[in-house]
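Below is one structure, written out as structure tokens; comments come after it.
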Amino acid sequence: MSEKEFEPVIVGFFCNWCTSAAADLAGTSRLHYPASIRPIRVMCSSTVDPVYLIRALQEGADATILGGCHPGDCHYITGNYKARRRVAIVKTVLKSLGFEDDRVLLEWISGSEGPKFARVMNEYTEYIKKKGEADFKYLDSLGGE
Amino acid sequence: MMKYTIKEDPHNDERVREIMEISGENIFACYQCGRCSSGCPMAEFMDVLPNQVFMFLQEGDVDTLLSARTPWVCAACFTCTVRCPVGLDLAAVMEALRELQLRKNYDYVDPYRVENREELPPIALVSNFRKFTP
Amino acid sequence: MELKKIMFYPGCTLKGVAKNLEDSTVESARVLGYDFIELPGWTCCGAVYGLAQDSVKFTIANVRNLIRAQEYAEKIRDNRLVAVCSMCYNNLRRAHLDVMKNRDKLQTLDLFMDEEPDYKGEINVQHYLTFLKEEGFDKIAENVKKPLKGLKVAPYYGCLLLRPDEVAIDDREDPHILEELLEILGAEVVDYPLKNECCGSYHTVDKKEFVAERTFKLVSVAKEVGADIITTSCPLCFFNLDKRQEIAKKKHSGFEHMPIVYFTQLMAIAFGINDDKVLHFEQHYVSPREVLSRWL
Amino acid sequence: MAMKRIGVFICHCGRNIAGTVDVKRVAEEIGKREDVAFSTTYVFMCSQPGQKLIEDSIKEYNLDGVVVANCSPTLHERTMRNAAARAGLNPYRVEIANIREWAAWPHEDNPEAATRKAIRIINATIEKLKANASLEPLEVPVIRRALVIGGGVAGIQAALDLADAGIETVMVEREPSIGGNMFRLSETFPTLDCPQCILTPKMNDVGGHPNIKLYTYSEIEDVSGFMGNFKVKIKKKATFVDWDKCTGCGECLRVCPVSVKSEYDLGMKDRTSIYIVNEQAVPLKALIDQDSCIRLKFEKKVQEGKIKPKKNVKICSKCADVCEPEAIHFKNNEEIVEEEVGTIVVATGYEVMPAEAFPELGGKYPDVITALQFERLLSPSGPTAGVPRRPSDGKIPKSIAFVHCVGSRDPQNGVPYCSRICCMYTIKQAMLVKHALPDTAVYDFYIDIRSNGKGYEEFYHRAKEEYGVNFIRGKVSKVYKVGDKYRVQGVDTLTGRIVEVDVDMVILATAAKGSEGVKELAKKLRIPYDEWGWLKEVHLKLKPLDTPVGGVFIAGAAQFIKDITDSVAQGSGAAAKSLGLLSKPQLEKEPLLARVDTEICAGCGRCKDQCAYGAITIDPIRHVSVVNEALCEGCGACSANCPTTAIQVVNFKKGQIIRAVDILAEVF
Amino acid sequence: MSNDMLKKFIVDAFEKGLIEAVMAPAATKDSYTYALITKKEDVDKITPIAPVMQWNGADMLRRITKLKKSERKLLAILRPCESRTYKELVKFNQINPENIIVLSYDCPGTIHARNFKYEPVEPENLVEEIKNGGKSEKIRDACKVCEYPAPIPGVGDIGLGLVNTDPVFFSLSDKGKEFLGAMGITEGERDADAWVEEHRKRREEWMEKERITGGRKGIEEFLSSCLNCHNCKDMCPICFCKECFFEDHNVFDYESNKFYNWADDKDGIRLPTDRSLFHIGRLIHMGTSCIGCGLCQQACPMDIPLYRLFGIVGNDLQKVFNYKPGVDDNLPPVMEFREDELHEFEGLLGGEE
């Protein structure tokens, strides 16, 4: 692991109506971003149980992104506000226990923001690359030092 | 009247960028509504109208502005700033144009040639010298 | 009656050509029960505020003034610093807001002034008008002895009381605070549409013809809307509107002089003060004596 | 039961996918899975032969699930599901793995990474698919009635189209008469028709249509229910007049001693306290404004105990005295009625910012008015019979200045957008002024002329060339009164000169916003809106009339400022959309909805408050959550807030997502 | 003394017809359990202020009233932490408060149930200690650093003051006011502020000192002896789920290859795999409503000081939402949201771009 250049694993939960559409648009526009982004489409950012984020981190992800519609633009009216509360809870718990809370990223990316999608993916990958592997992914394992 | 050849993308022009940095304003946001000029109390004494200043900058023609009277006529009254629809602080851009000169030790006013100094309010003198002489 | 001590920032101009403003301010305040104490150790406000993002040199003098005020505020237990000159007010208030918004800048400044205590950001810079309004205009009404009934006044704010937005003492396009005050003094306020237009400012030093043109316009319109007199709060506006009438008159034959007074002078007169040591009409180019004769 | 015989179909999409992703390798890798019975690639899965390949394979390999790895599911999910259905496989057993937009294209610079990512996405999709349930679309019964909110031109058009198609239609209008803003207009660009001539027939059609039930002077109180089955409470505001008896004769108006500003005339004219909106009102009925009526004000004070009535004092009842049919009863006849409808068209229109919002442009002066107010002065049926006069003194203006973009395109002081209709109506008004007063000078201060409609640019040129309107390019910064005149301080940005002109009147083309109160209405309907009060469509281009709430459509300026042409088109469009739904005896609904496992649910209500649609209730007897499937939109907000697995969205169950996440997150 | 007085109060209430049942602790051989009595003759069987808290009394009320409101007028004697739990569980629809009167008192704290078994303490001794504003060293951690040792206005109905005073009653709600009125009791006052303040100071210091830090290493070491028995969850009154998410076999059963992959990738894994995740997951699900009764810690067979985990992280979470579970009248953070809030959790470095 250490000999190779560190390629972070980032799981992205993208809402169907905005951020998934932005990811589609980024692809259609041939905007490049690292393959470390591993996307899953969910109907709404509010559909993401905080346990999914924690689960992804424990399974091996170095970071997670939750992408939703801009405040006020949610297809389901208020889903993104609910998602924000959940992210606040996850981040607070992580921070409170001495884990890095910036391993969870909440971003509002609308369907028309393909370039923003690519930019966020690039910047966040770069950011996580600099930080290195996540402590959390080795929770309850023997390795990871 | 005149022909101006754009030689490079004004967005890459170093001096345009410097002006944006000193003023903290994105001069490319201007869409030429003209409200700055129509409200400017000093506009009738200017050789380049405030809105035109932005067009010159957007075309990368800083030279014309550096030799223009306009930045020195601006009284920094902020009428344009508060009325600009896109929220540009024009007064700061004018200041940036002056600063560009002043930082090259360019003298615009000679304090020793001011007439009737004693009758003038000190704030007028201080403002005048601070704006104009480095 | 025990006078309440209030910190007062006079500024350079009030110490010289605007003695009329200083004395009428301090005297009118005294009538209302305030002892305006000159801020100890004040220095020049710098007159114009620096707009370059990358420079702190225009902020430093004002932060030093604010530190002076901070020290004195503890003594008198009142953190208000009152200025009456629009430029001084504008500079001090903007310096305060600027460093409060931009803590890095404040840190840099604190480093510059390592011999000084740090500015804590608790000084409330107020213009005299705001101060009066906050204290309650009814106090003024109680002290009016000679209502200025029949005097048609054009209130003139100029720029620096209203712009930029963060320091505006009232609505920038349609302010009313001066009108309210003048009405309490009994004056008849005319709707003066150019009340927030610039007088030409410091260009009076090297471009006096431009300023004279502004004066011509501002005074002519005041006349057109029926004013007898223009009232202002800024010594530079005052100078331009008053003294530059000389050139205006030379250039425009039909131009008629109009006296300019500070609102504080009108307050003093309405309070029954008729003392040249307070009013200093000798400092006016266009004498207001005739227009005001009924109340003097 | 988890699926065991899955087929995976990897699309080349020409070279779009195969040019980057090694599709053969992907098919091989995926084919190694125990649960994959068949995997293959094809050049275009969405083509007829591609679909045939899927159909044949389902039959041949007896597949119980299908993953198609191709482009975004927004494009071909339906295609593939239909193909599977033709082969007898439940369409909900088909999932799309998006390896084009999400792998091939963004990583075209790194084929190896793109290939590995494609494999991972497909694997994750298979994990999710494995626990998918077979589903049938839900069937929802339909009430074959429609509601149109707003009686402007868009609403009128929608209601007439619906009613003509045989749908019983309820129309609710806030004002006492329908007609909306269009009815206030003088003439319309670019044809110069008069709305009183072209709109009144439509208004009368609405008023007399056997299929239209009209509630004017009424507002929506509450909306419940769902697509096909809405229950709407409508508040009929108090008119103090029995409209069944009122003949609209107008006798009462002649005797009423009170005079107040007319709302219909936007303050350009006075009306009496008992009033009929205008002569062509539909319905043509009188009503009393309780805030100004002497009698009602008196009665209110007595009721509040502020005054004691003296005996033998006659309080004004002049209107009632002359009313032959005895319609005026002074009784508060406010009433809530309920209607059941299947679809709702929201056509609430727009309003403009008031002139007073712009003091620097002289908004406080009586002769500086909004363009909409000026429409009344230009209207032949208006207070000045179409010849504009100054509101201050009734003088005929010798010069008029128009100012464009007042508050529009001005995020700092107004709204960021272009209000779209101002250029054209200003040009029209300038022309009408020249028509009525050929000697009056007209100055039109504009920033850009936006004339992008059929016949619009030609109309602009007519104004310039034939009518002698003076166009000056530059925004006015200040308007002030000097003597009897208004000084307009402008600029000509083309010549680079400051321009000043003294005029008798100034017309401000102020920015348009969504109608007042529309946000509250939107909340009741659970449809989104923006900060300026425009209702949000589902897709600006492809679904401009749809809202996220099934069965609720928007039309006309409620969505964004529109001219009459577009409003009418949208009215018809929304009617057609409604008809589409109402033409079916049953509505089909996507069955991907929340379901409750009553064995696990503890009835804590954490899901209930998360539901933006009010679809969840707690059964008081069993003490568990219950989902109203007709209301549920399947967002899953409830499920994510449930601390356990009691409420989950079908085919998006927590176990499914976590298994997919496991694949996505693994490092190897 | 205090217990006798309370018993008298209860008998009185029975006689006046104000109550038809009482739920309060009753002694067992080695401990105290909750008991439900319906006759005034049975009052002697209970010990209203008990030195042990085996269960959270609110959890018992949940069992009685979850499906249907209390059929009889029930007086529940609850510690302040239990009455906060009661209020929180009402919000979660787990308790129907109708027909219930809650009485709570200045709580002397409780002894760890296991310690009590071997080293019993008389309830009156604990009460005596707080009468002078002190507190026994023997009581549980959670009690030592209790944020609300005294009855809280708006939480429960009747308060009994014991600190710095002879016992006094006061009302905490309108219902309580009415009740005391009907009992003919004049409401009293007592000054417990300093006593409460002392707890809170101790609490802050404790939280600072006992915080689990260090991320993975910290939490792994802290939980190193965890048996995964889920007793902590079973005793937690806020974990009222019928089936815990982390026990859902549909979600957490895996085929063997998954385990080997993990072991390959992470250089060996500990089994069972969901030990830490269970606790972190529980914090995420319920931390915002953690009352801090500390029963998780008491229930741990391996003596893991779990209150350090749930109490402190719960407190951090509650601060984010400015919410005091069981005290605030508004809904728990997991049940509502606002449009304009929590912007610091958006984006890369928090806040808008």
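In order of appearance the chains are A, B, C, D and E, and numbering begins at 1 in each one.
In this section, a contact is a pair of C-beta atoms (placed from the backbone, for glycine too) under 8 Å apart; a residue touches a chain by one contact, two chains touch by 3 or more.
Here the structure is a predicted model, which means the values were calculated and not measured.
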item	value
Chain A to chain B, fewest steps along touching chains	2
Neighbouring chains common to chain B and chain D, by label	C
Chain nearest the global centroid, as defined over all protein CA atoms shown	D
Pair sharing more residue contacts (C-beta pairs) when A-D is set against D-E	A-D
Mean-CA-position distance for chain E and chain D (Å)	50
For chain C paired with chain D, centre-to-centre distance based on mean C-alpha positions, whole Å	51
Centroid distance [mean C-alpha coordinates] between chain C and chain B, Å	27
Inter-chain centre distance, chain C versus chain E - centres from mean C-alpha coordinates, in Å	63
Multi-partner residues of chain B (each touching 2 or more other chains)	44, 79
Junction residues of chain C - those touching two or more other chains	197
Shared-contact residues (touching 2 or more other chains) in chain E	245, 265, 285, 334
Contacting chain pairs - touch in the sense defined above	A-D, A-E, B-C, B-D, C-D, D-E
Complex interface listing, chain E residues touching chain A	211-216, 218-220, 245, 262, 265-270, 273-277, 280-281, 283-285, 287-288, 312-313, 316-317, 320-321, 333-334, 337-339, 341-342, 345-349
In the complex with chain E, residue positions of chain D that touch it	599-606, 609-610, 618, 623, 641, 643-646, 653-655, 658, 662, 666-668
Chain C - residues contacting chain D, complex	171, 173-174, 191, 193-194, 197, 221, 224-225
Chain A - residues contacting chain D, complex	9, 11, 20-21, 23-24, 26-28, 30-35, 38-44, 46-52, 55-57, 59-61, 72-79, 82-83, 86, 118, 137
Chain E residues touching chain D - in the complex, by the definition given at the top	66-67, 92-94, 240-245, 248, 250-251, 258, 261, 264-265, 285-286, 331, 334-336
